[in-house]
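Each structure below appears as structure tokens.
In the two assemblies presented below, subunit A is common to both, partnered first by subunit B and then by subunit C.
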Partner chain A sequence: MVGVLQYAKRRVDALRGNYETQRIHEDDLGTHFQLLLLVVVVVFPIAVALAVSTKQSGVVTSVVDLFPGGNAVENYREVLVDYQFGRFMWNSLAMSVVIVVGKLIISVFAAMAIVYYRVPYKDLVFLFILFTLLLPVPVRFIPLFQLMNDLGWSNTILAITVPYLASATTVFILRQHFLSIPTSIVETAKLDGVGPLKFMLFVLLPMSKGVLVGVSIIMFVYAWNQYLWPLIIIDSEANQVAQVGLQLLQGDVQGGQLSWSLVMAGSTLTLLPPLLLMIVFRKPLLETFSIQQK
Partner chain B sequence: MTTVTLHNLRKEFDDVVAVNGIDLEIIDGEFLVIVGPSGCGKSTTLRLLAGLEDATDGEIVMDGRDVTAVEPKDRNVAMVFQNYALYPHMTGRRNITFGMKSSGDFTDEEIDRRVEEAAETLDIADLLDRKPQAMSGGERQRIALGRAIVRDPDAFLMDEPLSNLDAKLRIQMRAELAQLHTSLGTTTVYVTHDQTEAMTLGERVVVMNDGQIMQVDEPQTLYDFPANRFVAEFIGDPAMNMLPVDIENGTAVHEAFTIPLPNADGGVRNGTKKGDDASIHDGQRAVLGVRPEDLYLASERPDAGDETLDATVNVTEPLGDSLLLHCSIGETPCKIQAKARSEIHPDDTVSIAYDPARLHLFDPESGNAFYHSESYASSESAAAAADHGWQSR
Partner chain C sequence: MSTREIFDSRIESGLLLLPTLLVTVVFLYYPTALAFRTSFFDSSFGRAEVFVGLENYVGLLTSSGYHRSIFISVVFAAVVVVGVVVVSLYLTFLIHEVDTGQGLYLISVIWPYALPPAVGALVFLFITHPTLGVLTGPIESLGVEVDWFNNGSQAFVVVALAAIWKQIGYNVIFMIAAMNNVPDTLTETAELDGVGGLRRLVSVYIPIMTPTIFFLVIINTIYAFFGTFAFVDLLTSGGPSNATNILIFNLYQEGFSFFNFGVASAKSVVLFVIVGVLMFVQFQITDRYSYYGG
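Moving on to the complex of A and B:
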């Protein structure tokens, strides 16, 4: 396992461009075998879902049932067209993007205030922000539900985004990053008479690009996977999100006709957006995580 | 072109006093260097000048205007930092112009003209389109200097700008900084912990310790007439030797030697007049200061006098251009800079001669200097006293 960790470290360094990717050495073979094993363990459930999504009935009773069937196109068409799963995906996307953008805006301002401004009891304020980690959204369901109804927001995108906008985690990560920016750069800006907004837009944000992208990906996946809160607060099918929408693909459960192949096709579809983001932005993502390790 | 005056300037961080009531006048157009060990308050003083720290007490006056509470951007000073403080995502040109453009005081044509001028002065034209990542340390510091000079500030404030450069580049940049100051003539305050930088760059040097100013003088004066033990030991490398002595009849008496003090009634400078209480009187305890480079092997200087003093060599350090001897005179440790390639080994006993014009006496309690064998006004006395030698006991 140590070999795997070292290998991962080397790969991260290579990705960052610190040094060139090394060729596979003979003693790397064992490492590669371990990696293969890990990949199989992690990927197996997804592979099963993928295989089942191509079958007609989707009931797995033997190993032979794990081979792909010939019903893929029909299944995905049914999910996307007949069940309008694209609509749910679109709702999820809108929710996730609003949450990510809102979180970033609020967190950047908060972290900037905490790091660069002289605020009385600043540390206490920051501690209080961290304290909110103890009260995640699921704990607040009942008062939140009441509040959303009072505001008349239930069944709207506001109900599934606004409660997620404040994020102690993001504020914390950004604060740590801002603290790592040399104070002399901030002071140079001060001496030059660069205003706070200009400083944020032209100095702070460009210098935080990697961290911002990394945090955004994490937040996007988190938002995309929200299930319980949308299930509670959204009751019209048209406004529902993908994770809840999966349930609607089950078909005639009462009649004993649970259509697993459609559910798996839907699951595969919901996997795609986060996967795509992870692949495209893997470099800043890894960097963000390594900053937290420091 | 600016005169800066500090009145009783004081800065406290919680219960730590960083700058302890200093008074200083920075003359229009001069290159003033503030030097001192880490934590002596030199950087804090500079940051107070820039407005990056708020003074606890006292005032800062620039050209007759009290700027103590004025925002940094309204003081029209430019600062150069040790770590260059370049924006890593901007090209050299954008780094230089960003501040100017933000302040909105300059037109685009004016900015372009000034950047061209600065680029020519600093020879950085080909760096303007590169990002800091693609520049060497020296090139980055040039861009940082460029950023400072384009704004044509009233004063340059430099906080150890050469400390991150390698030794060779540092010497080169040092010369360039001096040249730059000559051509621009802008008031410059330069902070460093490196006494060589202080001596070579400063028109005047401020030596600080524990938040207080120890001495302000021209570099050579600091070296020749240190006002106190701190300055004497801080300026000069290797540091000045300090030997405890008693004063008797115009001579300094140590457990291992007696040496006459030339010009015993006239060598005083530094705040005390001739015949003042601080001058020499019998039975007084004192610390005799003499620099390693003012001590020689008697064999190197046959004309320096017949009588010599015996010292035991403990360690020898060949420095290339000279041989540094760590010796003991009696019980007192002492360093001597002998000629290179001298055949001397540990445990040898050597005869030492000294330069009688280069003796200093300090008060053992206060550390203040009360005697320099060479009077400030004239150095003829040095020649006159040259035939005095060590008298071995």
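Moving on to the complex of A and C:
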């Protein structure tokens, strides 16, 4: 949506014949100055983290100390190996990938049943799924903890993935997208006698690539950034995720056993996967958000 | 609409819905029901549950600590929501105003969407650390003694700033889409009438963007109540003297520091009611505005 509008705007400007020159002159330098200032404020904390992660001690008391140091390789090696961040990152990745793939598969199934099947009560089923928006993890984590103990799943990857698999948001976004696929295409498929499996694989999924990528990024960021639930349900370091790994580092640095440069190296590592995915796939991500709000 | 429903096998649609429904019932509805049930019991590790009726709720009604936590949560949410919306609106407006470098500015301010709250918390802990922080010197040169490990109001401000910082990205993503939807003719008319700069934002864009802003106010409120747990846990642990002990952290302590699952379940039910009210308000508002734009 955003892209289309910007494109249309540009086309109109191009038709007026003076796109480049006119636009650059129209930009107000003051606006650019304010934007640059605000961008610096928004980026500053992470720039500090990045700079400090390359230094030896991590004691930075003035802005002049913010030039990168020469200890990057050693710091990152120490955090990844000695402080087990390699392991934590791997566990976070496993958790996030299982959640993304699992959610995607079962949500495509559910949305397909809701949009393309003529069966009774399906609106009720959709409402039943949508109602779970009222039940986020913070409302459920006390009983969920008891349930995991009963199931014997505490401290396993099952505990940090399976409860996340059902997603009202994903089903909702996919349903909205499926409803926007022209009926003529759907009817053609029916006339050709295409069965449900072929319809899903050769019609639905190819027509949903952008949305599938978009929801995958949304779900990956959501899964990767989970903190409260792993903190409660995972109690061995071997199975711990990166977010809670940061809490372990924080405990050590507050106790004075650890240099801040290592904590900032761990923080930078934990930020990288969701940040890179977001930057690379920003276009489908933004388009998917514009579906979500409708 | 009806032509989309090209399949009619109840068994197939049932199988497609089964995984989502199964996870929904077992890990979302059942734990919620369990929370309601346990809230009427005295329940902890290693001893038999005892039915106590409404005692847990009566305890909450009379607990001054819990009342304080509610008060702090409401003030915190108000500060975070207003801060996020105002900063994001202004940033969005500036980005909307420029044509050169728009894409670059956009990604430089929306990236905190991907920021893990735990990373944001540790970076803030570092840059505002009372003895080591990069910002501590500059702030103290303004005549403020940085002492937020002991000073409750300062701790509140640090947690709120970190929480606001993280949420700006998500808001700008939705606001830029809404602002780009404002017809160019309207902007041009406003400019011809001499309505420039900030006045155009306040009297032209904001009224048109009202549905989006309402949507974000609700999302941000839920975020402030529940999504900020990692900030509180890593920055202040609810302290000093409970100055930052918002409801979600209070609930976490009840469950996993004191192991009072009965009281914790009653507190979960309170949170459920809060989410319910917020979602209901959002639903009403979306309904009212569905005639416009969208």
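Definition applied: the second predicted complex is superposed on the first by the 242 of 294 C-alpha atoms of A that agree within 3 Å, B and C clash if a C-alpha of one lies under 4 Å from a C-alpha of the other, contacts with A are read in each partner's own complex, and residues count from 1 in each chain.
The definition used in the following text is that a residue touches a chain if its C-beta (ideal position, glycine included) is under 8 Å from a C-beta of that chain, and two chains touch if they have at least 3 such contacts.
These figures come from a predicted structure and were not determined experimentally.
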| item | value |
| --- | --- |
| Clash or fit, subunit B versus subunit C on superposed subunit A | fit |
| First (subunit B), second (subunit C), both or neither touched by A:133 | second |
| Partner chain in contact with A:157 - subunit B first, subunit C second, else both or neither | neither |
| Touched partner set for A:39, first subunit B, second subunit C, both or neither | second |
| Subunit B versus subunit C as contact partner of A:189, first or second or both or neither | both |
| Greater residue coverage of subunit A in the superposed arrangement, subunit B or subunit C | C |
| Contacts of A:248 with subunit B and subunit C, given as first, second, both or neither | neither |
| Which of subunit B and subunit C A:94 touches, first, second, both or neither | neither |
| First, second, both or neither for A:202, with subunit B first and subunit C second | first |
| First (subunit B), second (subunit C), both or neither touched by A:31 | second |
| Subunit C versus subunit B - closest C-alpha approach in the superposed model, Å | 7 |
| Shared contact residues on subunit A - subunit B and subunit C | 187, 189-190 |
| Contact set on subunit A toward subunit B in their complex | 182, 184-185, 187-195, 198, 202-203, 206-207, 209 |
| Touch list for subunit B against partner subunit A, complex | 50-52, 72-74, 77-79, 81-83, 85-89, 98-100, 102-103, 147, 151 |
| Interface residues, subunit C side, partner subunit A - complex | 2-10, 12-14, 16-17, 19-21, 23-24, 27-32, 34-35, 38, 91, 94-95, 97-102, 105, 107-120, 122-127, 132, 134, 136-138, 165, 168, 173-174, 176-177, 180-181, 184, 212, 215, 222, 225-226, 229-230, 233-234, 248, 251-252, 255-256, 261, 264-265, 268, 271-272, 275-276, 279, 294 |
| Parts of subunit A lying in touch with subunit C, wherever the complex brings them together | 1-2, 5-6, 9, 12, 23-24, 26-28, 31-32, 34-35, 38-39, 42-46, 48-49, 52, 59-63, 65-66, 105-107, 109-110, 112-119, 122, 125, 128-129, 132-136, 138-147, 162-163, 165-166, 171, 178-179, 183, 186-187, 189-190, 196, 199, 221, 224-225, 227-228, 231-232, 242-244, 246-247, 249-250, 260, 263-264, 267, 270-271, 274-275, 277-279, 282, 286, 289-290, 293-294 |
